[in-house]
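This is the structure, below, for whatever I ask next.
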Amino acid sequence: MTYIPNTPAEQQAMLRTLGAETIEDLLGAIPAEARLPRPLDLPPAMSEPALRRHEMALAGKNLNLDEALCFLGAGSYDRLVPSVVAHLAKRSEFLTSYTPYQPEVSQGMLQATYEFQTMVCQITGMEIANASLYDGSTAVVEAALLALGPGGRGEVLVSRGVDPQYRATLATYAHARGFTLREIALENGATSTRDLHAHLGPNTKAVIVQQPNFFGVVEDMPALEGLAHTTKALFVAAITEPASLGVLAPPGAYNADIVAAEGSSLGNPIGYGGPALGLFAAKSDLMRRMPGRLVGETVDDRGQRGFVLTLQAREQQIRREKATSNICTNQALLAVFATVYLASLGKQGFRELGVQCVQRAHYAFDQLTAIPGVEPIFDRPFFDEFAVKLPKPVSKVNRTLAKHNIIGGYDLSRTYPELGKNAALFCVTEARTRDDIDQLVSALKEAVQ
Amino acid sequence: MTYIPNTPAEQQAMLRTLGAETIEDLLGAIPAEARLPRPLDLPPAMSEPALRRHEMALAGKNLNLDEALCFLGAGSYDRLVPSVVAHLAKRSEFLTSYTPYQPEVSQGMLQATYEFQTMVCQITGMEIANASLYDGSTAVVEAALLALGPGGRGEVLVSRGVDPQYRATLATYAHARGFTLREIALENGATSTRDLHAHLGPNTKAVIVQQPNFFGVVEDMPALEGLAHTTKALFVAAITEPASLGVLAPPGAYNADIVAAEGSSLGNPIGYGGPALGLFAAKSDLMRRMPGRLVGETVDDRGQRGFVLTLQAREQQIRREKATSNICTNQALLAVFATVYLASLGKQGFRELGVQCVQRAHYAFDQLTAIPGVEPIFDRPFFDEFAVKLPKPVSKVNRTLAKHNIIGGYDLSRTYPELGKNAALFCVTEARTRDDIDQLVSALKEAVQ
Amino acid sequence: MSTEPLIFEMGAPGRRAATLLEMDVPTRPLEDLVPAAALRQEDAPLPEVSEIEIVRHFTHLAERNFGVDSGFYPLGSCTMKYNPKLNEDMAALPGFARIHPLQDDATVQGAIELIYTLEQMLCEIAGMARVTVQPSAGAHGEITGLMIIKAYHESRGEGHRNVVLIPDSAHGTNPASATLADYEIREIRTDGRGGVDVEHLRELLDDKVAALMMTNPNTLGVFDENIVEIARLVHDAGGQLYYDGANANAILGLVRPGDTGFDVVHFNLHKTCSTPHGGGGPGAGPIGVAPHLVPFLPGPLPAKDADGTFHWRDAGPQSIGRVRANNGNFLVLVRAYTYIRFNGPDGLRRVSESAVLNANYLMHALKDLFTLPFDRTCMHEFVLSANQQKARGVTAMDIAKRLLDFGMYAPTVYFPLIVPEAVMIEPTETETRETLDRFIAVMRQIDQESRENPELVTHAPHTTPVGRLDQTLAARKPRLRWSPGDAPRTSEKSVPVGVSR
Amino acid sequence: MSTEPLIFEMGAPGRRAATLLEMDVPTRPLEDLVPAAALRQEDAPLPEVSEIEIVRHFTHLAERNFGVDSGFYPLGSCTMKYNPKLNEDMAALPGFARIHPLQDDATVQGAIELIYTLEQMLCEIAGMARVTVQPSAGAHGEITGLMIIKAYHESRGEGHRNVVLIPDSAHGTNPASATLADYEIREIRTDGRGGVDVEHLRELLDDKVAALMMTNPNTLGVFDENIVEIARLVHDAGGQLYYDGANANAILGLVRPGDTGFDVVHFNLHKTCSTPHGGGGPGAGPIGVAPHLVPFLPGPLPAKDADGTFHWRDAGPQSIGRVRANNGNFLVLVRAYTYIRFNGPDGLRRVSESAVLNANYLMHALKDLFTLPFDRTCMHEFVLSANQQKARGVTAMDIAKRLLDFGMYAPTVYFPLIVPEAVMIEPTETETRETLDRFIAVMRQIDQESRENPELVTHAPHTTPVGRLDQTLAARKPRLRWSPGDAPRTSEKSVPVGVSR
C-alpha cells in the first residue's frame, strides 16, 4: 500500500550517505512538543482492489445521470459529451503537468489554453479571455472586484435573476472586502429596469445580470446594458448555461464589459458540481487588470511561434499584495476539456446545440403546461429552463418522479419563497429525447393526481 | 454521422482535379452487373449520443462481474487488474498503430513486445516465446502443428483433462490438416499415465496435457513428461490459468518442449472471452519453426540498441505457402496489457497471486464440502478450481444463486457427461474475499435445500 | 531522444507496484495443499519495479511509437483509417468488458443480441446467407472458410479436390492458409490490366480444384472486371470462390461479394470497420457463407427466439466444429457494431466512395514521377513502382524511411510481389485533403531529393528516435528475450548525437 | 518537431465532428420562441474541423507537454508527486462523475458520505475541529480562512483588527489573499536559521493584528523551531494563526498544525494528496478550523444522522456564507479520499518521512557546488542559490532551462524571493533513488558546464520543441487570442533546424 518506490533497505542506504541512522535524525528541527506522539487515528490502509470495491459501492449509492432522466438544471447541466473529449483531455501529459512555468516543455498546455481563450472570445463575442477561474460564482466575484478596482470600495448591483448561489458567494466576499451589494428586483421573472434605474448611482461600480437568468428567462440585455452604462458602472453578463450562446446574442453584441460564466458543462463531467470552470472574458481595455492567468503568443530564439504565460505582473506570484486577484491554481484541465469539446461541436454544432436546447425545452414546456394544474409562472421567452407552478409541493412531486428514475425540477421554494411551495424549475437540454420528455409528462401526471 | 472529413464541396473540387465529375466516374471498372442496385438494407445511421444510449442499454442487459460475484472459471478468470494497466496499454500510440513494419517509429511496440516475450519466458521457465497468437486454443493447435512438422501427418495425443473447447478446436484442425487426434483418459480427474503409455507410439508427434487441468487438478507433469519423452513426441503444456505459475513449477522445470497458454487473464478485460491472448513459448531449438511474430534486439546505424521484427522468413508475408503458420494479425495490444500487468505485480506479486488463489480456493472448497450433500468428486491437489457433486442439477442450483447475484460454477454435465448432471466446477480466484465465499456458501445451502 | 532501458534493467529488489486484497481467509502451508514436487522452486524473475517506474517506462515507450492518432498512415492493404473514440468507450462498458464467456445465456442477453445483429448486418453487407464471428482475424477467417469448403466438397463425395488457386498478387496469408488446410497451391498470373489472367485461370481449372481465393479489388487496388466470368468458370469447374475481404473498404454498399458469385467471404473488421489495430492486433475475421455452406459453419451460432430472447444454438452435424474457444473477439465486435450502426447504409457507401476518391486523388498527383504499373483508375488503394528512383540508387525502402522524417508513416513496400520496388498506398477515407496534399508534396520532394541528394534519402530516417536497424544481425544472431547479464546491443559507432540528454 | 498549427488554422467550411441527437421533437422557428433582438446574428466562429483533425491536433499538443508521467518534476512548493491511476478511475465512476449537485440528498448518499468521511480524516490529519471542502484551491482556502478570522474578530467586537502578518518568505497568494480580505500586510523578516524572526514578530505584534499567516515547513523547506513560541505570541496579542498547508507533504503523521497552535489550516489536496495538477488545475483547498472558529465556516456542511443517513446541513447564523457554488471540487475530493484511504495512517507518515529523506539526500549531494543559504537539515524541499554559477554568468534560469535538455522538468526558480538566484527543489517521496542520483549527476554536470562551456547553459534548452521564448514581446505587444487573418509570430531567424520535417 505505497507509492513510495524506495524500499526500507534503500532508504537505509540513503540515510547512511547522509550520516544519519534513521529518518528521525533528519527531523531534529521539529520541537518535541510539536510532534504527534501517536499514530494518526485514520482507517487502516486499503489495498487497491479493496478500495476499488469500496468506492464502487459508495458510487453505487448515488443515482447517476446514466441511470436516471435528469430535468434538473439550475446552474449545472446534463450535457452530451463526445467520446473524443475525455480521450484527449485526459492524456497524462496534460493531466500530470503543473502550471506551465517552463514554456519550452509546456507548449501543449499553453497552446491549448491559447485556443481556449480564443474560443471563449468566439462564443461570448468578447475581445479577451483568461485561462480560467474556479467557477461561475467566483468569476462573478472577480468581475465585481475588477469593476470595483484597487481598494475595492463602492456599490455592486446584482439582479435577483442571478443564480442564488452566486449571489450568496458575492455577499460573502462583499462583507469581507467591504463593498456594498444591492439586489435588483424582478418583474415577471426578469430583471426590473425600473428597479435597476432606481438603484443606479454615481457609486455604482458594476451591474450584474444573468443571461438567461436563473429561471431560464431571456433578459432584455440591451436595455439593461443601456441603463447601466448611463453611469460609469461596468455591465457584467453572468452566464451559467453556455449552450445558450449557440443561439442567443453574445455579450459582446450587447456591449457587456465583462462576462463571468460557468463553463464546466462544455465537455466536463457534471461531477456533483465540481471541479467547475470559471470563464472570464472582457473588453481589451481591461487587459492589464484581468484576474487569472493569460497565455500569449510570442516567438522563440529559433524564430518559431510559441506560447507563454504573460502579463504576470498582474498576478500574485509577482505583484503579491497588489495582485489583481489571489488566484494561483485554476481550472486548466477543464479548459482543455472545453476546448476539445467546442472544437468538436464546431461552428455548426455549437449553434445546433443551442437550437436543440430551445426546441426540446419548448416541447417539454408545452407538454407539461398542458397537464391540468400545471401552470407557467412567467410569461417570458426562455432558453432551456422554465418555471411552472405544480398542484402539489415540488418536494412531494419529485419523490414520485424519483420512483420512475426521473430527477425532477429544482424546488424554487427555498431560494424564491415568494413563489410559494409549488414552484419548480425544469431544465431540458439537448440530452433529453422526446421519449424522455414524454416519460416525464406521464410520470408527472401521476404525481400530481 | 461521418468520420469522413472532406465535405461534398471539397470532394467535388478533388474530383475536378481528376477530370471526373462524380465518384461514379471512378468506378468504371466495376461491371454494372456486379453493382448493388439499391441501398444496403441496414438500420439507419445513429448519432453518437443515440448510439451510446442504445449500447449502454444493451450492455445493461448483461449481468456483469462488477455487479455479481463470479465463481465461474473454466478457462476464463475474474482477475483483479490494477488501474495502471489500462491507462498505459490503451495509450493511442499503442492502440492505433499497425504491426511495427517500420521499426524506426515503432520502437515502443517493439520494445514492449520484447519485454512481453521475456516475461512469458520468465513465468513459464521456457527459453523463447513469440509475440502472441489468437488464444489458448489456437496456441495449442499451433503447438500440435509445430510438433507435426511440414506436411502435418502423424498422431497427436491430448489429455481429456484439456479444456473441452481446446480439444474441439484441435479436432477441427486435425480433420482439415489430416492428422490423427487421440484422447488420453483420466483417472480420478488426472491424466492417466497408464492410458498415455498405451497410446504412445512411433507415430506420436505431440502429447498435450493441461496444467492445472480443466478440473483445476494439479497434474503430475514430470511423470507425464517422462513418459512422453520415451518417444520422439514433443511434450506440450497447455495452460489456461496463468496465475497458477505463481506457485506451480513452470513447464521449463519439467522439460516441456512447448507451452501453449491463454494469457488474457493477465491484465486484460475478460470481455465475454474475446479478444483473448495466445501465449506460445518453446525450447530454443524450435526457434526457426515457431509460429507467429518474433521481436529481436539489434542496433541502429547510430549504434543504439533497437528492436525489430525478426526471423520473418518463417512467416506468411515472406514464406507464403511454406510459412510455419498463417497468422498475420495477432493479439499485440493484449500482450502490452499483459506486460504492464506482470510488471505491476512483479516478482513478489506474481507469487502472491498464485498463493492467494490457492488459499482462497481451498477455503471455499472446505466450506462448500462441509455442506451436507456437497461432495468432492476427485481426490487430487488443485489450484483455484475444483469439482464437486451437488445434491441437485447444477443448472437448477445456478438459477437460485443468480437470484443472489452470484454466478455459480461451471456445469460439467455437457462436456463430461460421465460425471452426471450434478457435477459443478467452482473457481475461486484472488478476487473473491472471504465474505464473497461465505455468501456463496449460504446461498448454496439455500439452493440445495 | 535517448533510448529507454528495458524494464528488466530498472527497479530494485523488493520494489513492487500492484497490491492484492488483504488475505482474509485462513491459510495453510502451500505444501499441505499441493505436493512439493509440483511447486515452483524459485519465483519467476519478473521485474521489481514501483508504479511510477512502470508509468514512466510505458509512457516513454508510447512516445516512441507512431499510430493513426499521431499522423498519416498510408499503409496499403491495412486500411489504417481513423479509429473512433466512441468505439473504445463502448467496448469498455462493464456490461461488455466484464462478462464471462460461459455465463448463462439469460444473463448475457445484450451480448448475444449484439452479436446476432452484427451477423445480420454483415450478411447484408456481403450478400451472404449466414455469418460466424468466431474467427479471430483475417487469416483465421481464411482457414475457417477453407475448412468449410473442404467439408462441403467432402459432403458431396468430392474430397479429392485438393488444389486451391491463388493469384500471384495475393496476400501471403492466402497460400499459408491453404497449406494449413492441406491444399496444394496453384498460382494464377496477373493479366496486363492487373486482374486475374482469365486464360491462365482456364488452364489451371480442373476437377482437383477446390477453390479460388481472391480479393477484389485486389492488392493492386484494381477491381477485377472479369469477376462475373471468373466466378462462372470456377463454379463450372466445381470449385468454390473465396473472397479475401481485406479490401472491403472499397466496396461497401457498392458491390456485394455474394452477388458477384463468392461463396465464402471474410471480413477484417479491424480494417474495414475501423477497430484499432493495437500495434498488430487484436482483430476479428468473421466469415459469411452462401446458403449451401451454412450447414458447415462452426458453432455455436446465436439465435433469436420467437419471444425475442437470444441464445447460443449448437451447430448441426455437418459443422466443421469450433475454430477457437468461446465466441470470437467480442470486444472487437462491439467496436465494429458501433461503427456500422453509426454510419448506417448511406454512411458506409460514402466511406467506400471517399476511400476511392482519396486514392485516385493521390495516384493522379504522383503518377508522373513514379511508375504506375497499371494506368487505370484505382479503387481504395494503388501501387506505384519506384523503379525510376531505384535507377538513381534510391529504393522503395529508402523512400519509406525518408517519409518517416516528415511525421508520416510509410506505405507498404515490396508488396504485392509482382510489382518491382512496389510502394502500396492506401490513404483511406478519413484523411483530409490537406493531408493528402502534404503527402503529395513530400513524395515529390523525395523524388527531387533522389535526383539531387540521394544520400539524404538512402540514409533516412534522420529525425526518428532510432535510425535504420540492423535486420541481418537480428536474424543471424537472434536475441529474442532479455536474460540476466545481457548488455544492450550497441556498436562502436555509439556516440551521443548532438546535445546530451 | 515542427510547430503545430492552431486549431483555427485547420479545417474547412462545413467540416464538423460531434453529432447531436436526431431532432425528434416538433420544432418552431426560433424567432417564435425568442425575440429576434435577443438572438445571435452570426454563428460563433468556432473552428470547422473533423474528428481526426481534432484527435491528431490534441495528440500533438500532448506530445509537446511534460508531466509527472513524462519524468522527474522537482518543482519546489508544488509537490509534483506521482498521481495514482486508481484515483483517476475512481473519479471517473458514473456514480461520482455523473451526479447533479442539486439532487436530493437521498439520491446522493454515497457522495455525501465520502465528503463527510474525508472531512473527518482531514480533521484528524491537521488536528482541527472541523473542515469544509468548499474552497477550490489553496488560495481560495486562504481567503476563506481569512474571512472566517475576520468574522471571528468581529463577533468579539474586534473588527478593528485589520493587519495580517506575513513572513517575507511567503508564497504570493498569502499577501494577495490578505488584501482581498481587506487587510493590510506587515512583512516579517526571516531569521538567520530560515525561520520567522521572533524579535521582529514581537515588534510587529499589536492590537491591530488579526492574524499571522505562515507555512511550516516554510518555503525554504525549513521547519520553524520556534513555532510554539510564535503561536503563543500571536495568541497573546489576540491574533489568529493561519497555516498555509501547501507544504503539508512534510508533516503527515509527524506534526499536526492544530497541535502547534494553528487556528485555521488549508490543504492543497492537489499537492499533498496527489490529485493531478492538470496543467494548472483543478485543485481543492479544504480548510480546517479550531473549535472556536467552527460557527463561522461556510455552509452547508455534511452531517450524519443517527440512522446512518447523510445530508447537507445549513450553516448557522455566524457563518461567513458560501465561498462558491455547490460543494467544492468533488471529483478532486474523490481522488484525495482514495489517496488517504490507500495509504492509511502509517502510509501517510511514511510519505512524509520519505519526502524528507529524498530532499535531504539531494541537498546533501549538491551543497558543495551550490550555495545553501541555511545549512541545516531540510524537510521535504530545500532552496539552493545559484550565486556561484551566476558569478560565472550562468543564472538560476539558465540552469532551469538546461535541465530540460536532460528530460527533466526544472525546479522552481527565483522563489522564495529572499534567496538570490533561488533554485527550489522538491523531489517528493515518489522518486526512486536512481532518479535522484541522475538529477544529482546532471546538476553537477551543469555546474561543470558553467565553468567550461557556459554558453551551452545560457543558450539552453537545445532539445525541446521550442527554444527560449521571448517573454518581453509577449508582454509588450500582448496577443492573447487568435483572430482571423493573424499570421503566426515568427522572426527572421526562422530557418528549418536540421533535417526538414
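Read from first to last, the chains carry the letters A, B, C and D; within each, the first residue is number 1.
The definition used in the following text is that contacts are C-beta pairs under 8 Å (C-beta built on N, C-alpha and C of every residue); 3 or more make two chains touch, one makes a residue touch a chain.
Note that the structure is predicted; figures quoted are calculated from it, not measured.
**Student:** Going by the touch criterion at the top, tell me which pair is linked by more C-beta contacts: B-D or A-D.
**Tutor:** A-D
**Student:** Give, as an integer number of Å, the spacing between the C-alpha centres of chain D and chain B.
**Tutor:** Chain centroid spacing, chain B to chain D, equals 45 Å.
**Student:** Report, in whole Å, the distance between the mean C-alpha point of chain C and the mean C-alpha point of chain D.
**Tutor:** 46
**Student:** Counting in whole Å, what is the centre-to-centre distance of chain B and chain C, each centre being its mean C-alpha position?
**Tutor:** Roughly 19 Å separates the two chain centres.
**Student:** Among all residues of chain D, which ones touch two or more of the remaining chains?
**Tutor:** 12, 14-15, 18-21, 49-53, 55, 59-60, 63, 69-70, 82, 84-86, 88-89, 430-433, in rising order.
**Student:** Chain A: which residues touch two or more other chains?
**Tutor:** Within chain A, residues 1, 3-6, 10, 46, 48-49, 52, 56, 66, 80, 82-84, 87, 92, 431 contact more than one other chain.
**Student:** So with touch defined the way it is at the top, what topology do the chains form here? Options are line, ring, star, complete, other.
**Tutor:** Its topology is that of a complete graph.
**Student:** In the complex of these two chains, what residues of chain C are touching chain A?
**Tutor:** 12-15, 18-22, 49-53, 55, 59, 84-86, 88-89
**Student:** Touching residues of chain B toward chain D in the complex: what are they?
**Tutor:** Contacts found on chain B: 1, 3-7, 9-10, 46-50, 82-84, 87, 92.
**Student:** Quick check: in the complex, which residue numbers of chain D touch chain C?
**Tutor:** The touching residues are 2, 10, 12, 50-53, 55-56, 59-60, 63, 69-71, 82, 84-85, 405-407, 430-434, 456, 462-463, 498-501.
**Student:** Please give the residue numbers of chain B that touch chain A in the complex, ascending.
**Tutor:** Touching chain A from chain B are residues 48-49, 52, 56, 66, 80, 82-83, 87, 92, 431.
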